[in-house]
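A, B, C and D label the chains in the order they appear, each numbered from 1.
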Amino acid sequence: MAILVDENTRVIVQGITGFQGSFQAKRMLDYGTKVVGGVTPGKGGTEVHGVPVFNTVEEAVAETNADTSIIYVPARFATDAIFEAFDAGLRLVVCVTEGIPLYDEMLIHRKLREVKSMLLGPNCPGVISPGKSKVGLLPDRSFMPGNLGVVSRSGTLTYQICENLTKAGIGQSTVVGIGGDPMPGLTFVDVLKMFEEDEETKAVLLVGEIGGTAEEKAAEFIKQMSKPVVAFIAGRTAPPGKRMGHAGAIIEGNMGTAEAKIAALRDAGARVAETLLDVVKGVRGVLG
Amino acid sequence: MAILVDENTRVIVQGITGFQGSFQAKRMLDYGTKVVGGVTPGKGGTEVHGVPVFNTVEEAVAETNADTSIIYVPARFATDAIFEAFDAGLRLVVCVTEGIPLYDEMLIHRKLREVKSMLLGPNCPGVISPGKSKVGLLPDRSFMPGNLGVVSRSGTLTYQICENLTKAGIGQSTVVGIGGDPMPGLTFVDVLKMFEEDEETKAVLLVGEIGGTAEEKAAEFIKQMSKPVVAFIAGRTAPPGKRMGHAGAIIEGNMGTAEAKIAALRDAGARVAETLLDVVKGVRGVLG
Amino acid sequence: MRLHEHQAKQIFAKHGIGIPRGEVATTPEEVEKIAEKLGGKVVVKAQVLVGGRGKAGGVKKANSPKEAREVAEKILGMSIKGHKVEKVLVEEQLEIKKEYYVGYVVDKVNRLPAVIFSRMGGMDVEEIAAKHPDEIHRIYFDPLWGLKDYEVRKALFRAGFSGDEYKQMFDIIKKLAEIAFTYEAELTEINPLAVTSEGFLAADARLNVDDNALYRHPELAELREATEENPLEREARLKGINYVHLGGNVGVIANGAGLAMATMDIINLMGGKPANFLDTGGGLADPEKMKNCLLHVLKDPNVKVVFINIYAEITRCEKVAEGIILALDEAQRKVPLVVKLAGTNEDIGREMLERYSSEKGAEIYFVDSVEEGARKAVELAG
Amino acid sequence: MRLHEHQAKQIFAKHGIGIPRGEVATTPEEVEKIAEKLGGKVVVKAQVLVGGRGKAGGVKKANSPKEAREVAEKILGMSIKGHKVEKVLVEEQLEIKKEYYVGYVVDKVNRLPAVIFSRMGGMDVEEIAAKHPDEIHRIYFDPLWGLKDYEVRKALFRAGFSGDEYKQMFDIIKKLAEIAFTYEAELTEINPLAVTSEGFLAADARLNVDDNALYRHPELAELREATEENPLEREARLKGINYVHLGGNVGVIANGAGLAMATMDIINLMGGKPANFLDTGGGLADPEKMKNCLLHVLKDPNVKVVFINIYAEITRCEKVAEGIILALDEAQRKVPLVVKLAGTNEDIGREMLERYSSEKGAEIYFVDSVEEGARKAVELAG
């Protein structure tokens, strides 16, 4: 099972001829992901790592039967690339690009109301179902197949946590990075719902951070979940009004503090870990 | 029965405190139309001809249970008035205003995709179901109850034709003026469909004119209709490239000529009258 | 409102579309000077707001300033489909490799904006569509979202564009759509789009904007040049009268565009020639309006009779009659009137006109149907 | 990016929102002159990019030019929440009848733009919401369609506005939304909106624009004034380093915002004080990046130890090690490093650093977990 991506996922890479797109396409291929095509306007007819390149997503989908796209396109062009992917009817669109303007993101959400695609990101590391498929830039070595679902707002922190879990023998069903932007496509709640319904997933780890109310919304949903949830929140020492790297990681007024999030999650029955090592203990505790 | 409006139709007048709005409200009341409210921002709480005035359509609908609106608002404000009426959930919105910019009309059509309201017009005389209700500025004396459905792009020409019919003893189920703009809300086809399904209507008269392809589209639908259709097309002598008053009445290139429309309608089985007097004969012929 | 080629080109250039070097002139002397500046080899193009000026001899090449002057002498002042040429655009001759077509139109049937492009330029888009249907490409787009880059990419790659031609076309299509939305164009066209060694240039330019939106674009309203129209139409526009000159001898006045057209049609059916279309519109409660309309129709020296066909839905007919009487009092010449009055107080109106007619000897005929009126008018026109 | 009050007011005025008469000054002498021009009675307002300047003594009235000068002497140069006041805005005193609130925000929870207004101005919007929940009015609108007139009418009439106050509010709300969309504002606020006999005036003004969109608004990017920030943060911004000054003595460098925050948190949990947040971001394949980051952290004189926590997902660890070595070679002072390296070739990286450490006597400690690293760093910081 797993969620979002598995061994049948057929992926195209938008921006495949760029430095990052080409590099990550190779790494996904190496992992076993079915990267069936790439898109770069004007480079149609060429190949990258043996993968055919098309001029448009429409053409790529027609030729390859892809259902998923991953976008490695600079911020100024990423919004258009997302719209193109939606227009081509892809089931899942993963956008890695960082720095997409806020007003573009509002319009992306407006567009999401009109289309059937799911969007992961932007500004996210992607998704991996260990042993099955990786659509994103998550490092292979951190992960192994198992029954823990992971959903996170951050990248390297999650790799570190998953590596600790993997070393401790705890594998993952799927690891989803929803990204650090204030208005992500798929939210914690969307992903928690999928994990709740996924047979392979026995427990869920949520890695949150300061800023916004995504963790509080997640807590509301966790109350109804049958599966145990462990949580970790980064940014307890962050001062208000300062953006901590991620566009979404900022405490504004009384909103977005780690304390509020931890309290809400605890209140919802989640086990909140204090340190990274506690995360492993916590997960082991709930997985039994 | 009748279509679009009948004795149960509850109407509000947007722009009721203006010269035309107030005057036409009175005439509709005199005809027996249930004019239950009016809207003029800032004039809420006053009355016009005994009809309560509200600041917003939302308030008017909440207080009066209106289902239909007629708009007498200057062109610069009419688009917003139409949107307000849509937003308030009205079933039918009749817009009399002439001169609404083309790009506004494109956006009105875009909005129509998102809402459930029907729009009659803009730049139309409205609709009358003789003896039941009149929502518009059609002159009472031209009409009498009966079984002929009339749909038209023009105003006075239709009054003249209907007066001739009425004098000849031929009454009307409903008379609909779709308006002279190139992109009307309800089209000939929309109205023909309603007449086809209306029990009270035994035959239909279509009054068209040069410009656009509305009559050709109507002809396609007429082919499938069970009820007889008589048609009249104005503008046989109009030269190409000259706008004949109505924004939509212009022959551009080979499109929109009276000859093409007449041929299409004849081909579809409609009886096309050459003169106004012929219209009466034609209708009498099909009504038996 | 249709802009002149040179006006449209200025707007195109402002938005970054390449145009040939050139200047506008009103005299052969100016043309000669401009041709010198441009290096001698030029095209002299009549600036008139009708199609087909090329076939009518309104566009000519010249290979020297002197020749340009001679050519301009012929073009300036000539009449193309009733439009007198008062200005010419003098442009450098282009070395055109290929001629493409790019246009934008508000498609009223689909109620959507559409970009149209083709590798077959230089002829009418209808002609391209008829002769080379596979070479016409359309991009319909959502007016709310605007034209997205990927929509242009899809269309261009589907049509087989690549390399530099792809880039130039992409750029021009995006700019043309931007121009269309900026100025609320009904239609804008580059035909031909000249493929030259300096890139793609708009060899011709068309831009028709929505009259109803001119209040939002005062800079465009100022561009309207009176010189091009029929003088009676220009005067009517300035007075706010909805008038189209048709050239016959039976003047027509009706309230309502449909009624006016039907009246014209029946006059024609009866063997007559309508002199004009005139829709008074609403507002006949003020007798001044009818007065102005009638006086305007009488300014056309060809008019031998005027058929006034009024269905007074709101107005009372005595106001219409009053307006007619005011006009007849002021009119410089006497022509017979055929009058059909219907609506509120039609009897009173008729009585007023009958009284005036018998007192002042005005020739006024009353009719009860449009057919009867048309027959009478045609008879009187002779 | 947050604009200064005086910058935001200029933009408001450009879009037709009324503002008090006033000018910016950097010296008490200038303040005195401006106060004279304005008729003597003025308010002197510190221009700093933090809230609560009023309570901190950064806003003072003066009833004569001389008093204005004296007040300015106190305000200029003072420090408000760590921000030094280098400019003041000198404005006429307003006769305020009432204070309203109008704001606009991109609501990230609902993913929609929202206008917020209230008759209770002068306090924070959160405070209004807490104290007078019935007096907070919101208009959510569709970002694609934009804010429609009828949406504003509905909200204002619902809130009981009428007459001239209705008209002024309508106008200001429409203009504020226009400003928000023109400059891609995350937030813009008029608080208080002063109701005066001359109409509604923006007594204060806030405008925060989206950093990611600044490339579309170069005129705003130019307004960013370096003087306001912490000097280390300013320098970092100019160098493209993602750095936040926190004031402790344990320097932190991590690749990834979440990892950096988690590192800070654990340092704190172990009883230490992080000196900063620093996310290197990607691109560590180039050793220059790590070098610049480390050198930057060492510029903070309070830093007694630096904890480098890298999870090299793409980069090979020898490149990270190379960057650290380059920095240590260049560094003006020696501080111990605690290093956690994970990812490709972590062993090679560690070996390189160990060799360097033993050769050059650099104090470098290697750890296998973030907890261990934090404990060591706190211990070294003393």
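Going forward, contacts are C-beta pairs under 8 Å (C-beta built on N, C-alpha and C of every residue); 3 or more make two chains touch, one makes a residue touch a chain.
Keep in mind that what you see is a predicted model, and the values were worked out from it rather than measured.
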Q.
How many angstrom lie between the centres of chain A and chain C, each centre taken as the mean Cα position?
A. 57
(Q) I'd like to verify one number: the distance from the centre of chain B to the centre of chain C, where each centre is the average of its C-alpha atoms, in whole angstrom. (A) 28
Q. CA centre of chain A versus CA centre of chain B: separation in Å?
A. 53
Q. Where does chain D touch two or more other chains at once, residue-wise?
A. 144-145
Q: Answer with line, ring, star, complete or other to describe the graph linking chains that touch.
A: other
Q: Kindly provide every pair of chains that touch.
A: A-C, A-D, B-C, B-D, C-D
**Q.** Of all residues in chain D, those that touch chain A in their complex
**A.** 50, 106, 108-109, 111-113, 124, 126, 142-144, 181, 184, 186, 210, 212-213, 215-216, 242, 244, 246, 254-262, 264-269, 274, 277, 279, 281, 311, 313-314, 342-344, 369-371
Q) Which of the residues in chain B end up touching chain C in this complex? A) 23, 75-76, 99-107, 109-110, 137-139, 141, 152-160, 163-164, 180, 182-183, 207, 209-210, 212-213, 217, 232, 234-239, 241-249, 253-254, 258, 274-277
Q) How about chain C: which of its residues touch chain A in the complex? A) 145, 148-151, 153-154, 157, 162-163, 166
Q. Where on chain D is chain C touching in the complex?
A. 144-145
Q. Any idea which chain A residues touch chain C in the complex?
A. 41-42, 44, 55-59, 77, 80-81, 83-84, 87, 111
